[in-house]
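Next up: some structures, all given as structure tokens.
There are two complexes below, and they share chain A, which is joined by chain B in the first and by chain C in the second.
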Partner chain A sequence: MIMTWLGRALILKVGEFLATFFLWISTVLSMIKQLLKLKFRARETLLQMYLLGVQSVLIMVVAMGFVGLMLIIELAFHMNLVLKHDSLVPAFSALLMVRELGPVITCLLLTSRIGAGIAAEIGSMKISEQLDALKMLSIDPIDYLVVPRWIGSVFAAVTLTVISLAIAIWGGAFLAAQKLGTSPGEYFNTVFFFVKFPDLAHCIVKSAVFGSLIPIVAAYQGFNCGSDSAAVGEAATQAVVRTSLYIIIADFLLTYLFYAI
Partner chain B sequence: MPSLSFLSTVGGMILFTWDCVLLTLQRKTKWHQVLDQIFQVGVRSLGLTVAAGLFVGAIMALQIDLQLKDFGAEAFLGGLSTSTTLRNIGPVLIAFLLSGKVGAYTSAELGTMEVTDQLNAIRLLGASPLEYIILPRIWAVVISSFLLLIVGLMVTIFGGIIFAEVIGVNSLNYIQNIPRIVTVWSIVLSVIKSFLFGAIIAVVSCYKGYHAKGGSVGVGIAVQSCAVTNLILIIITDFLLSMASSCLQDIFKVGYL
Partner chain C sequence: MGLSQNENEVLRVQELSFTFPNASGPTIDRLSLSLNSSDIFFLIGPSGAGKTTLLKLLGGIYSYKAGEIYIQGAPLGRLSQSNKKLVLKRVAMTFQRSGLFDSLTVLENLLFPLRELTLLTAKERLQLAEQILRQVNLTGAESKYPFEISGGMQKRLGIARALVLQPELILYDDPTAGLDPITSHHIVDLILTAQNKKKTGTLIATSDLDLAFSVSKKTSAKIGFLCQGKLIQVGTEKEIFESRNPIIHQFTRGLLQGPLTPSELS
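The block that comes next holds the complex of A and B.
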């Protein structure tokens, strides 16, 4: 009984994952087709870059500033406990920030900022039969709706990760000067000594991958939205949950791929 | 003015919380409904929490191992990764996922009730929707998020142990190292954090769902702003609690509290 239940749940999850993956592939293919035919939807893409990227800057800056401050306090506690001195706190916090928390927390915030919105938008388009109208006009919904959001989201994820990393490390310099007595020059010296170029490159790759996950999962939930009034909220919820879980799993796999092998 | 609207949202939420606390003090809570809601909200999120906990624990063990390798201090791997996960990263990341699952589910449900005039129907019957619909949900979300966070944090420890075994650290050494660095105060801090994050998720999602308007699009907007507000408040609360813990250490002059 419980095995049948588990098996059914597993098959459903895997099926959904595969469907999302195929949507990802067809989005990339139709983006390549747009590029080759030079029928680039520039206006839509720029609008989505603005809506998804520029309008999220304030939230990212506030949240990641606090994460940077929090990391300094916590690592100071741990370093005092283990090494009995806190001269390595800037290095550890910057490394943890660049390798792990910067991309992950930025993209989790971006997920709830834009993932639910995209799912709700496409879902309500489906309920009000606007998707069918698009198909009647022989416009491919993936080409018209998903590709601009995909480009906008990857752009937003990468740029916002860089901005929020800068904010977090800068905020860390402020708190380290106040609390640990590390002068800013000393702080940035340590940070630049320990954070190498590959770390930054991996950070950018990670955030691009996470950013490319968000609109695909959300669009999948929107396309498969039911037709009653509860369905849009359900689609938005599922989009946020799935994307967050996929981001955490992808983060583990990418980190393992980059560093452990 | 985004900042002004954020402040007015926070003010509205404080008044909303005050109303709910007053109702609870007047013993208006229907505890059998709370149990129903805990099953609806909590039990269905258990799988997600366990999956997230495993991966968060593994990620932190991997990161800490990378950093300690440069200094040859791998002996501290178990304690440091468990302590970092329990005190900060674990509660924050798992609460992010729960705010997506539990919070967004609750706000979508309440928002649907609001835009389809079901809450108005309850008002028309002379009953208070705050008492019949909101209060059981708030308590259910507080209790189930708290319990789920605790379960998730326990699973992170297992995730770390499994990952340590995968990369070739003896899991007995890993476990032996945990009580040397994880103090009682760390566990108390993570329990306090879990409770507060659960309360934040409950209040924000119920408030946003209760104030949804504008048809099925409005429900989507409510879900989105609920998720964003949840995450921002969780991060700020996490920072404030860490700051308070560190100030307590300074005041009482304890090496590690």
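The block that comes next holds the complex of A and C.
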């Protein structure tokens, strides 16, 4: 009985994952088709880049600034406890930020800011028959709704990750000077000695992958939401929960691919 | 593309069936009907009979596997994507829940289909949109968003959006749902004026029997009674009202007792 239930649940989840994956594929294909036809929805894409990227700058700067400060305090405490000195705190904090926390926390924050919004917007368009109106005008909703958001989200994830890293590392430099007595010169020397170009490249790839997951999972939830307002709320919640989960799983896979093989 | 049976035929539906995924039975079941340009056809029937589904099939929103829909002789199901787009440009639809783009203003809702589906210049698009807005008495509301205007104005905007592409066939899905009798009257007048002016084929799905019967009496429009995906009778308002079919009899007289049970009126 339990095995049957588990089997059914597993099949449903795998089906849902495959459907999301196919939506991702069709979005990418739609985008390539638009690029080849040179009929790019520039206005919608620029609007989404602004809404998803530019309007998220402030929250990212504040959040990642505090993450940078917290890392210095935590690492200094642990290094003093174990190694009895804290000269490598700048290196470890910067490495951790570039390789893991920068892209992951930025994209998780981005998920909560835009993922729910995308799912709710598409879900409410579905229940108010706006998606049908688009189809009636022979406009592919993936073409019109998902591709611009996908480009906007990838743009937002990459640029915000870079900005967040800069803020977190500068914040760390400030706190290290105050708390550890490490001058900014020493701090940045250590950071640049340990953080190499491939780390930065991997960070950009990770943020692009995470940024590409957000609108796809959210759009899938929106397109498949039920026909009442509670279903729209549920779609928004599920979009955030699932995207966050997928980001964490993708982070493990990419980390394994970049650093463990 | 095939040829239509007669020159005036704008729509022909042949043995059309459609089943939603995971549904126990077909929502549209071997349905056939035809409509000439300048004809008005009312589709009435209980909730869940398949009226909206049929309209969405005719509008190319849903895809079907069994039967065929001919729009001015062109078989919708057998056309390539690009030809289908060309044929569907001749069909417009208004939606029960308005279907208006809420991120666009009233004027932009009209400019959007023109921008997407025509080769008109920006100036021509604006002129045409303003002309249609005048026709539906929405001048002055151009910069408002759909959620800032009343239900009646939303219905008029939906009709304006359907008219803006100058279609050959217009599908109205419950155009008077949720409106007061006076506003309903205005909407009906608007539909009939637009139909008279352009001689478009007009298919109106409605649960409003008064609307269907009064317009049918005035214009001798045909009424089709749809139940469980089947078109069980087509006739004038008199023929439908006097029908001996127990389902139609129960429905037209609003009787609680009869073959239509609450579970069937989904």
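Just so it is clear, the second predicted complex is superposed on the first by the 261 of 261 C-alpha atoms of A that agree within 3 Å, B and C clash if a C-alpha of one lies under 4 Å from a C-alpha of the other, contacts with A are read in each partner's own complex, and residues count from 1 in each chain.
Heads up, the rule we're going with is that a contact is a pair of C-beta atoms (placed from the backbone, for glycine too) under 8 Å apart; a residue touches a chain by one contact, two chains touch by 3 or more.
This one's a predicted model, so the numbers in the text were calculated from it and none came from an experiment.
Visitor: Could you tell me whether chain B and chain C fit or clash when both sit on chain A in the superposition?
Guide: fit
Visitor: Given the touch rule stated above, what does A:127 touch, chain B (first), chain C (second), both, or neither?
Guide: After superposing on A, A:127 lies in contact with both chain B and chain C.
Visitor: In the three-chain superposition, say which chain, chain B or chain C, touches more residues of chain A.
Guide: Of chain B and chain C, the partner in contact with more residues of chain A is B.
Visitor: So, does A:44 touch the first partner chain B, the second partner chain C, both, or neither?
Guide: In the superposition, A:44 touches no partner, neither chain B nor chain C.
Visitor: On the A-aligned overlay, A:62 touches which partner chain: chain B = first, chain C = second, or both, or neither?
Guide: The answer is first: A:62 touches chain B but not chain C.
Visitor: Name the contact category of A:234: first (chain B only), second (chain C only), both, or neither.
Guide: first
Visitor: So in the superposed three-chain picture, is A:137 touching just chain B, just chain C, both, or none of them (first/second/both/neither)?
Guide: second
Visitor: Put down the vertex angle at chain A formed with chain B and chain C, C-alpha centres only, nearest 10°.
Guide: It is 100 degrees after superposition, to the nearest 10.
Visitor: Please give the nearest C-alpha separation between chain B and chain C in the three-chain superposition, to the whole Å.
Guide: Between chain B and chain C, the shortest C-alpha distance works out to 11 Å.
Visitor: Taking the two structures together, which residues of chain A meet both chain B and chain C?
Guide: The overlap between the chain B and chain C interfaces on chain A comprises residues 127.
Visitor: Along chain A, where are the residues that touch chain B in the complex?
Guide: These residues of chain A touch chain B: 9, 58-59, 62-63, 66-67, 69-71, 73-74, 76-78, 80-83, 88, 92, 95-96, 99-101, 104-105, 108-109, 111-113, 116-117, 119-121, 123-124, 127, 179, 229-237, 240-241, 244-245, 248-249, 251-252, 255-256, 259-260.
Visitor: Can you check the complex and tell me which residues of chain A touch chain C?
Guide: 127-130, 132-133, 135-139
Visitor: For chain C, which residues count as touching chain A in their complex?
Guide: Those residues of chain C that touch chain A are 56, 59-61, 84-85, 88-89, 91-93, 95-102, 112-113, 116-117, 161.
Visitor: Help me check something: in the complex, which residues belonging to chain B touch chain A?
Guide: These residues of chain B touch chain A: 2, 47-48, 51-52, 55-56, 58-59, 62-63, 66-67, 71, 73, 76, 79-80, 83-84, 87-89, 92-93, 96-97, 99-101, 104-105, 107-109, 111-112, 115-116, 167, 181, 215-217, 219-224, 227-228, 230-232, 235-236, 238-239, 242-243, 245-246, 249, 255-256.
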